[in-house]
Amino acid sequence: MKAFTMAAVLAATVALPSVGMATDLEVTHWWTSGGEAAAVAEFAKAFDATGNKWVDGAIAGSGDVARPIIISRILGGNPMGATQLNPGKDADDLIAAGLMQDLTELAAAEDWANILRPASQLESCTVDGKVYCVPVNLHSAQWMWTNRKVFTDLGMEPPKNIDELIAAAPKLVEAGIQPLSMAQGWPVGLMVNDVLVAQAGVENFVKVYKDRDLAIAGGPEFGKIFETLANIRQYTPADKMVPQWNEAVGLVIQGKAAANIMGDWAGGEFAVANMVAGQDYDCLPGLGVTPVLNTGGDVFYFPKSADPAVTEAQLKMASTLVTKEVQVAFNLKKGSLPMRADVDLSAANDCMKKGLEILDGSTAVFPNDIQMIDRDSLNQINDLFTEFMANPDMPAADAQAKFVSIIEAAPK
Amino acid sequence: MANKSSAIVPSGAKPKPFVTPQRFLVYTVLTVCAVFFLFPLYIMIITSLKSIQEIQSGNIFIPTMTPTLDAWEKAWNSACTGLYCEGVKVGFWNSIKITVPSTIVSIIVASLTGYSMANWPFKFSEVFFTILLLSSFIPYVVMIYPLVIITRELGIYSTLPAVVLVHTIFGLPLLTLLFRNYFASLPAELFKAARVDGAGYWQIFFQVFAPMSVPIFTVAVILQVTGIWNDFLFGVIYAGPTNYPMTVQLNNIVNSAQGGKAYNVDMAATILTGLVPLAIYFFSGKYFVRGIAAGAVKG
Amino acid sequence: MHSVSVKNLTLKFGSAEVLKNLNLDVEEGEFIVLLGPSGCGKSTLLNCLAGLLELTEGQIHIKGKNVTWAEPSERGIGMVFQSYALYPQMTVRGNMSFGLKIAGLPKAEIAKRVERASEILQIGPLLDRKPGALSGGQRQRVAIGRALVREVDVFLFDEPLSNLDAKLRSELRVELKRLHNRLKNTMIYVTHDQIEALTLADRIAIMRGGIIQQLDAPQTIYNRPANLFVAGFIGSPAMNFIKGETVDGGKRFKFGDVSLDLAGYEGGAILDRPKAILGLRPEHLTMVDAAIPGHTIPAVVEIDEPMGADSLVWLLVEGRQMSVRVPVEHRPAPGKQVHLKVDIAKASLFDETNELRI
Amino acid sequence: MDRPNPLFRNLSSKLASLPMMLIVLGVFVGGTLWTVLFSFTNIKILPIFTPKQWMDGFVGLANYKRLFNSDRWMSCPAITKIGQESWQFKCTGAMPNMITYAILAIIIMISLGFLLAVMMDQKIRLEGMFRTIYLYPFALSFIVTGHVWAWIMSPEYGLQNAMRQMGWESFSFGWIADRNMVMYAIVIAGIWQGTGFVMALMLAGLRGIDEDIWKAAKVDGIPAWRTYLQIVLPMMKAVMVTTFVLVASGAVRIYDLVVALTDGGPGISSDVPSRYIYQNFSANLGQSLSASTVMLVSMAIVLIPWIRMEFGKKSQG
């Protein structure tokens, strides 16, 4: 442990040449797409304005690439000042090992429990009554994005839900347009989950994921949805897949594809392309079937530092991230919803307003998947879904059976 | 050694004075293969010279009529890698800072190890060598956390020495094999003569063997520079944020699209990042073959 | 005091015993040749003497000093290798002075010694060249020079002439002998070439299977080989061997229908041995036209090989081949029936069971 | 004078090998032990190292059970065709994919590399140019190789699209999106990247062959191709061994190329063990460790006897 602290001190002094008022904080995150980078810039601007310095440590490639790097850094005794990390079970181990900065005092002083909503977000940052991370936005993954122009050009009415899209699909294909663009990897899993929750309803979905209700997971209703998915997969053949989610969104923006199923962060890409919601494109929460949204979101953790100046800067940053102005500026760019209800969102676009409406209705709101089940099981589910959607030979019943067995094996 | 390098001239069948069907076949096969090997480079270069509109509308195989170096400029100077939009150039010196000492240290360690294995074997040296060879089959990724702990305990985590150490470790199996084979192929009598002359371990290495080993050192340098320069993971984990190599920027550019994928910038960034190892291959390919001829052939 | 003394030397590579309990004493100024077929352990023994191989058991003394565990350079030896083993990146001068520099000798002394050795070997003009620019013979001279400058008592030669062509080899052979006469150092010389051994050696040690079979002056080895192996190995063309038995209380050697009188044989008690081998060198047989009972062997001429000064005639005796050296004017026609007269005083008789000379 | 303490024999050699010994023992052996031992625990995201943590997290063979039950790692369903007696096994998953890749890559790279080397050895003109062309891909990282080839082979943008644009409407090249062909697409990219290096090794081997062999073969009237195959090839054993170690260790560890080229897709049909290990690495370390243990053990079974045979015998100079 001695070498550990020594290394930490050493690293801290190396990383921080000037011990004074201004403290450099390195921030790791995997936000490198256009909309994301623009949003991060708002954070950086606000933090720099406090007299400290945001040192950007972006690592593209999402969690799989970034997570081992983040964990290594923390483990190695030279942690970053702050880091994006999925809330929930991901960080539990790190907290249990005492490697994360406790934010409880700050949270109490600023009354986070009351100004941040929904409560579930702050809860996922709370372990044994202590707050360890700061939620910065609310994301929901259940959106279908359509390019209006594609449909109007073909003399068609833009679809209001996924069923209408499927109905229109043959005509789109005929016109040489991809009905549904799709990116490889987790976007496939996201889409399958979206279809599941839209068709089966929030209650059943949460029962399966959170309460591990095998009867529902293996039941006829889910069975039917798997059949629907098997039908959809003809429109997402492997040779139409693109590597990144934002490329898939890009196809919709360019009018090469009619629709894409993606989280609200896709809105940031439309914004960068200067498209207007409700006019150039439609965003349909709950895939237009039932207006449901989950409340995932991004959070920042602050690895513990031996340097009090760093700790101070960390607390400053945590506080900055949830101030009103920063929340508005950031979320408008990111396409996500702010954590605070008490902010002025007149500048928000149609999509965000739709989201806020649902959020206030709250019955249609459900927790993010990682808050209900562990990442390992999620990965397995994702494997299953990507394989199911890519393999036309895999019967829907098989996929459902495997889904049930993963749910069954997941640790409670 | 004169007779060694003279063995580098072609030893195949004598050339015929006229174009025979056989030679025609040889050149045809070589050319077809050359086309296959050049194809991706061609694509990379012409794509990097196109504008984004041209890429989206056009055929990837057809070169542009209006080449532009904009993408190159952007990739080097202003492509966004997260918050910063300074292109790949920011990591260039870091890559040098990592590559140079890593190459030197790993080659010193491996050459001495190979020399010991070949000329001064000791008890269990064969066992160590076997484990070393097996280690070249270990998936690197499982070694990440143990190495984090090791470098942390050494007090060097997140510094240049840590990444130098890691590259030395993962370069060791292959380089040791090459050096061992090379030194084993040198005449045993030379080693004996030096010992009779009173030269010890270090004197033989530095004064007798090292001057004869330029070819194999060339190979080792080429292999290590290429591997280390292209590395992303170790650099990002062990070198510390102040030393992030160029590949970190490349990864951020290539693995994320900012408002539609800028393939031309991707390609330019790719070529720019690969320029150092590419240059080394272009200029020293001859010594590479020569060096391997000296090192890997016998043993 | 012996110059070099090997005591009970055993060397094992793993379980293989390469040298077996070997003893060898070399006198001051003596030229010893280790001779034997490849794999007999002669080079291995030399490497042990040089300290390049570690013994399993036994001791080595050089000039009365136990050097068993001493470094090669501390043993007072110089060594010359078959492949010359010159350092390719150094000049001839560099090669010769390398060891002296390591030993920390003053520059003037090094220059003096290099000067002297190059004068002895007549390689003065080559001093600033690199080995790559030298011919094989020149390289070997440099290699010898490198041993010479060490000014040691014992020189070890490991097949130094094997890489040279026949003409150069015989030239350098003579030169080596001259060198030995001049320097009077102890020289231990490994070769598989018996001509070199016979011409150069004061004593030859014939080795097989890690054991010295016989250590004697060249003439003794030639005339009185201690066993069947030595007899067969030395001499070109090889000695003729005839399997048979000794009868009449060791007075006669009988094979097939032939019976030879053994009176005059120089050796031990012959006795009656049911399995004996008579060894006859081709030059110790004469071809005669008429049989002399008890002293000749009937034979039929097969072919002959004229060799300039004399001719080697191959004959068939009882279905086996034998060779006879005859003056070239006495070449017989093939198919001719002849008789071979045996000079029993120069013959060797072996017991087939233990292969030792009787 | 006594026999010196064997500990101090070749002391310099031991000292110089000390870094290697420390690395072998501390990193390779130590890391492998850690991998094997903690593959029996429920270690999830944060790595653990102490015996107490090991005891607390011990779960026996649970990780291995899951590994071998996972379709992603390996599944070998037996297929009976109607009217046929015979059973067919078609294995899918990361492990069979890697083995397919390794076998193909080793065979094609070595034979194509040898063929190219033989042709380069015909005293051709422009040898330097050809050599550079074949060798340069080795200077590029797998990530780059993967991205470029992904693009070339992409049915949407790549070769297929281009050919159709140029009027060859029926041209079809969609391996990368075809779950049955995708591994071959990866093999193509792998060959492109590594064959030049193999060629260089082989060329070096050929140049080390004694000239007299050619004269002898010519006198005997042996055709050139037979000389290469039956005389020269067996003489190049050492270079073959080096090449094999290089190509095989690269093929077994293949990761970046797959990630950049297909990211395991379509579905998980081009998954490989290293990718499985890497992905579990940030979610379920136990799985990751058990998968690499399986990989290491299977490698060791194949390699140890061979290494002992190949390198053990040369211990005496």
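Order of writing sets the chain letters: A, B, C and D. Residues in each chain are counted from 1.
We adopt the following convention: a residue touches a chain if its C-beta (ideal position, glycine included) is under 8 Å from a C-beta of that chain, and two chains touch if they have at least 3 such contacts.
Computed from a prediction, not measured in an experiment: that's the story for all the values here.
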Chain located farthest away, centre of subunit A as origin (C-alpha): C
Pair sharing more residue contacts (C-beta pairs) when B-C is set against B-D: B-D
Distance from the mean Cα position of subunit D to that of subunit C, given in whole angstrom: 54
Geometric centre distance via CA averages, subunit C-subunit B, whole Å: 54
Whole-Å gap separating subunit B and subunit D, where each centre is the average of the chain's CA atoms: 17
Length of the line joining the C-alpha centres of subunit A and subunit D, rounded to whole Å: 36
Sites on subunit C at which at least two other chains make contact: none
Set of subunit B residues in contact with two or more other chains: 141, 144-145, 148-149, 251, 254
Shared interface positions of subunit D, touching two or more other chains: 9, 47, 278, 281
For the subunit B and subunit D complex, residues of the former touching the latter: 7-15, 23, 26-27, 29-30, 33-34, 36-41, 43-44, 59-62, 109, 112-113, 115-117, 119-123, 125-126, 128-150, 168-169, 172, 174, 176-178, 181, 184, 188, 191, 200-202, 226, 230, 232, 247, 250-251, 254, 263, 266-267, 270, 273-274, 277-278, 280-282, 285-286, 288-290, 292-294, 296-299
Interfacial residue positions of subunit B with respect to subunit A in the complex: 56, 80-84, 141, 144-145, 148-149, 151-153, 155, 157-159, 233, 236-238, 240-242, 244, 248, 251-261
In the complex with subunit B, residue positions of subunit C that touch it: 47, 50-52, 71-74, 77-79, 81-89, 98-99, 102-103, 132-133, 143, 146, 150, 158
Sites on subunit D touched by subunit A in the complex: 44-47, 66, 70-72, 150, 154-156, 174, 176-179, 262-269, 278-284, 287
Subunit B-touching residues of subunit A, taken from the complex the two chains share: 3-4, 6-7, 10-11, 14-15, 26, 29, 31-34, 37, 40-41, 44, 54-61, 65, 68-69, 71-73, 75-78, 80, 244, 246-247, 250, 253-254, 269, 272-273
